[in-house]
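Pasting the structures in now, so scroll down.
After this come two complexes, each holding subunit A, first together with subunit B and then together with subunit C.
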Partner chain A sequence: MKYIDEFREGGMARKIAARIAAEVDARRRYHFMEFCGGHTHAISRYGLVDMLPDNVQMIHGPGCPVCVLPVGRVENAIQLAQTPELILCTYGDMLRIPTANGMSLLRAKAQGADVRMVYSSEDAIKIAQQNPQQQVVFFAIGFETTTPPTAIAIKKAQALGLHNFSVFCNHVLTPSAISHILQSPEVREFGVVSLDGFIGPAHVSVVIGSQPYQYFAEEFQKPVVIAGFEPLDVLQAILMLIRQINAGRAKVENEFTRAVLPQGNIKAQLLVAEVFELRRSFEWRGLGLVPYSALKIKSCYAEYDAEQRFPVPALSIADNKACECGAILRGIKQPQDCKIFGTVCTPENPIGSCMVSSEGACAAYYSYGRFRNRDLCTVQNN
Partner chain B sequence: MANPVRVKAGYTRAIDFKHGCVEMKHGSGGRAMAQLIQQLFVAAFDNEFLRQSNDQACFQGSNERMVMSTDSYVITPLFFPGGDIGSLAVHGTINDIAMSGATPSYLAASFILEEGFALSDLKRIVDSMAQSAMAAGVPIVTGDTKVVERGSADGVFITTTGIGKIAEGINISGENARPGDKILVSGLLGDHGIAVMALRENLSFQTSIQSDTAALHDLVANMVAAVPTIHVLRDPTRGGVATVLNEIAQQSAVGMMLYESKLPMRAQVNAACEFLGLDPLYIANEGKLIAICGADDAENLLNAMHKHALGKDAAIIGEVIEDTHCFVQMQTRFGGSRVVDWLSGEQLPRIC
Partner chain C sequence: MCLAIPAYVEQLITGDQAIVNLCGVRKEISLVLVEDIVVGDYIIIHAGYALQKLDQREAERTLAMFAEITTLNNNDIS
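Let's turn to the complex of A and B:
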């Protein structure tokens, strides 16, 4: 496949890995957080960690929208879906997130709720047009990448005069999450998590540009390299981070030049600004309440806000006690550190959200067998 | 009689028969369906044939060895490029019979029809079945028809059952894979799944890909003639190549190593999978088979496949290895290997 295969070329990967090995300073350690689940997925799928020297460690960040959504909001969505004469539309991965009592949107569907998987917000609009007698709620999640399409759906519903369409908005913001991690006690005070630099988001940066990361580079003196989601992108970004650190620099650099501009996609930004405004605070799974880290629908579009149209109580539901998703999302623990990883919690029967999305660290580790040393699934003959 | 292979208890949780209900994943061809079959059907019907976990049962008739198989078809949409539910229902059961190395003899067909379903569509489907059965030389000799109230079904559901005869000395079964064996596939992967997916109302992308639905018994006859000692044959339908190989790995208590660079696939299928976030190894096929044979026979078998129109793109895609984990792994183009796990959940429902 043109423009894809070039960035998955093994020979070039080994060349970059050799450069990394040649340039690392053996006297120090390098700890890099890849913020995005897309990078985590690429690292697991292509076994990139095996290509890195021992003193370069990757920490998997919270940039998986499915993983960071708190259980309370999933419970809200299930309650909405169980409302009579209501169709709930959402992206595929959301259907499998388990709540505290083992429910999920898929289970709700099996029990009779009208839950539809869609590939885009546009599909939800179509479903609303086809079912004028029913309320259609689009359960919107995601970072800056999926926010503009939700804005378009709301504007389209208005233009079409659709009165049975609304959005349950759960869009969150990347820069606030990165700030929160950098200011967390684990990073600043206790040193539980060492962080020397970030691999910056790929698709998010296409929308917001590279400028928003300047603050981290300057304020926290952490280099940021924006990288695409292909394996060569990730390796090249690691090399660029190592070079910055070796030279004592902390700059924002862009490896993903084929898609990311410094200013981002202005048209998309204006659209988002027109429809959404900041929430004072929003709960993230693993991170807790993060100030100004999420969006809500502006009052002038209140008609399309499911939180205005239906009762959506604020629910704070604790994670399963054995689940380490919170610590994994903060970079304190790795998936294998969780006692239920791969035993009780599997992609088939996920307990925590990190096992649900293919971008979740646990699912990525599990699916590509990077845990196999633990001898978890021995097959026995009777 | 080989012992059934069970997955360690901690790895999959037992089904909750008291509180649970049927979910779409129980029909996906993946791990949840395997669990349902094992913990419900095999447990209840338990016998030596069912325990083999093949897509068909081989048994001794009065004079010869017989094979029997059944399959239901619930695909949506009913008509798709390259076929329809009727041709699929004929080809699918013929293929399940053929995957034992048998010659299919007769088919039975039963129909569940929804009140209000257009008779013109029903006629079109039945004509297509007749044509497919005629072309395959396997007559439909008995059947059944039921009608349910509007809303109790989705247009038409078809179940076909087939029987066939199997020559002495042929022993093709999922438990026969041995370390060192080669894994072959009969052609390009993923066409059926992508062709059907492209028609779904919420996936508006355009493609010229057609379903590969086809009856494979003639190809199998040529293969068995060339290499009577083929170890395993199976058609990678629901759940695709990944699921079928995981099933066989479990049945034979072996591992598998695939070579990504050897997988035959259209650029279009690859591209569609890329933008839909799907893995082509899990996409359904309806006119392809996986064959496993001894390493010494592999070239011979490949040549026999290449000589048949339905096997012209056949390729050796991997080998059977020793592995107590029974993992299916793949050497990637990138270099290095990764596990190709069972399908969890479902990629796309009602694909066959």
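Let's turn to the complex of A and C:
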């Protein structure tokens, strides 16, 4: 298909990789974080790491909305789903996030809760229209890309005079998470995580534009290259980062010009600004409380805010002890550092959230078999 | 959730909706977040909403940038 195949072409991938090998400075190391889970997925799926020289290392960032949602919020959603006469709607990946005692929305559904998977926020509105006697809550998650559709749903509910629709809002913001990582003790003081530059998100940038990253480039002197989700996009972005570093530059560059404008999608931004405001702080799995990193529904739309309509207690629940998701999301560990990766924890039976969504680092590593062979050997040796 | 590919606009229908073709799969999506979409455009879709029109000229420029790399590699060898 047009605009997909050309950006996946293997011969060209090898040529860009050869260019990267020719241009890296052998005397130094390059550490790049791909913030977005979509890029983590592409890197695993196309085996891009194997095409890079040894001194270029990719660090997986926290840009997977399913992965960063803390267990407490999932537990809140389960409790909402268990409320009599309530229908909880959400995107598919959310159903399998495990909480304490092996519970999940899917389990709650099996036990009788009315949980429905939707493809878009529009579907949740339709369910509310079809079930006027029941409360319908849309469990909304995601970065800047899924926020405009949630805003549209709230405005539509208002226009339709729907009194049985509300949103459990968990929308989070990319720039605040990047700032938080750059200011974290691991990066700043201990130097456990070296970061020389970022691959900027694709679709998030379609909405927010390339301007919001200017701050990181200037303030922290880290180059940012916004890249599309196809393998050639990612390789080209790595080459552009290497060129910036070699030249001592730290600028925001855009490889994904076919979809990202400097100012982003203004229509979407205005809509979001109309319906949402900043939360003072929000808990992220792995990152902890991050100031001004999430959105809540403005008080003028309080009627559509599930946190106003139902009891939603602040719950702080620790992850499963064996799970290293937190450290993986901070860039300190890799999936194979987790003792139960691929054995106890698999996509069919995820123990942590990084194994749930195809954008999660653990699921991406597992699905594309990069480590399955090794596991097979251990099984056979036993 | 974020994984998405450009979709081809096949048909505009009422209420700011369009039928798109995603690698052979036809789907109805919303155009409320974008403007001036016509049949034949490619759009970036996320969770049922078009987020942006794909700029075909820019796509060609990016592909041309890849092609330049071939020339650079050849120069290295010679």
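Operating definition for what follows: the second predicted complex is superposed on the first by the 374 of 382 C-alpha atoms of A that agree within 3 Å, B and C clash if a C-alpha of one lies under 4 Å from a C-alpha of the other, contacts with A are read in each partner's own complex, and residues count from 1 in each chain.
Operating definition for what follows: a residue touches a chain if its C-beta (ideal position, glycine included) is under 8 Å from a C-beta of that chain, and two chains touch if they have at least 3 such contacts.
Since the structure is predicted, the reported quantities are computational estimates derived from the model, not experimental observations.
In the superposed model, A:Pro347 lies in contact with subunit B only, and not with subunit C.
Within the superposed three-chain model, A:Pro212 lies out of touch with both subunit B and subunit C [touch as defined at top]. When both complexes are overlaid on chain A, the residue A:Val66 reaches subunit C alone and has no touch with subunit B. By the document's definition of touching, of the two partners only subunit B reaches A:Pro231; subunit C does not. With both structures placed on the common chain, the touch criterion links A:Ile4 to subunit B and to subunit C. Of the two partner chains, subunit B is the only one touched by A:Ala110; subunit C is not.
In the superposed model, A:Pro223 makes contact with neither subunit B nor subunit C. In the superposition on chain A, contact is made by A:Ser358 with both subunit B and subunit C. Touch criterion met: A:Gly47 reaches subunit B, while subunit C stays clear of it. Counting contacts as defined above, subunit A residues 1, 4, 119, 123, 358 meet subunit B in one complex and subunit C in the other.
The part of subunit A that touches subunit B in the complex is made up of residues 1, 4-5, 8-10, 13-14, 45-47, 50-51, 96, 106-107, 109-111, 116-119, 123, 126, 231, 342-344, 346-349, 358, 366-369, 372, 375-382. Subunit B contributes residues 3-8, 10-13, 21-25, 30-32, 201-203, 250, 253, 267, 270-271, 274, 276-277, 324-327, 329, 332-339, 341-342, 344-345 to its touches with subunit A in the complex. Subunit C meets subunit A in the complex at residues 1-6, 8, 23-24, 30, 32-35, 42, 44, 46-49, 51-52, 54-56, 58-59, 61-63, 65-66, 69-70, 72-73, 76.
Across the complex, subunit C is touched by residues 1-4, 6-7, 12, 15-16, 18-19, 22, 36-38, 41, 63, 65-66, 91, 93, 119-123, 142-143, 145-146, 148-149, 152, 201-204, 206-207, 229, 232-233, 236, 239, 255, 257-261, 265, 267-268, 271, 357-359 of subunit A.
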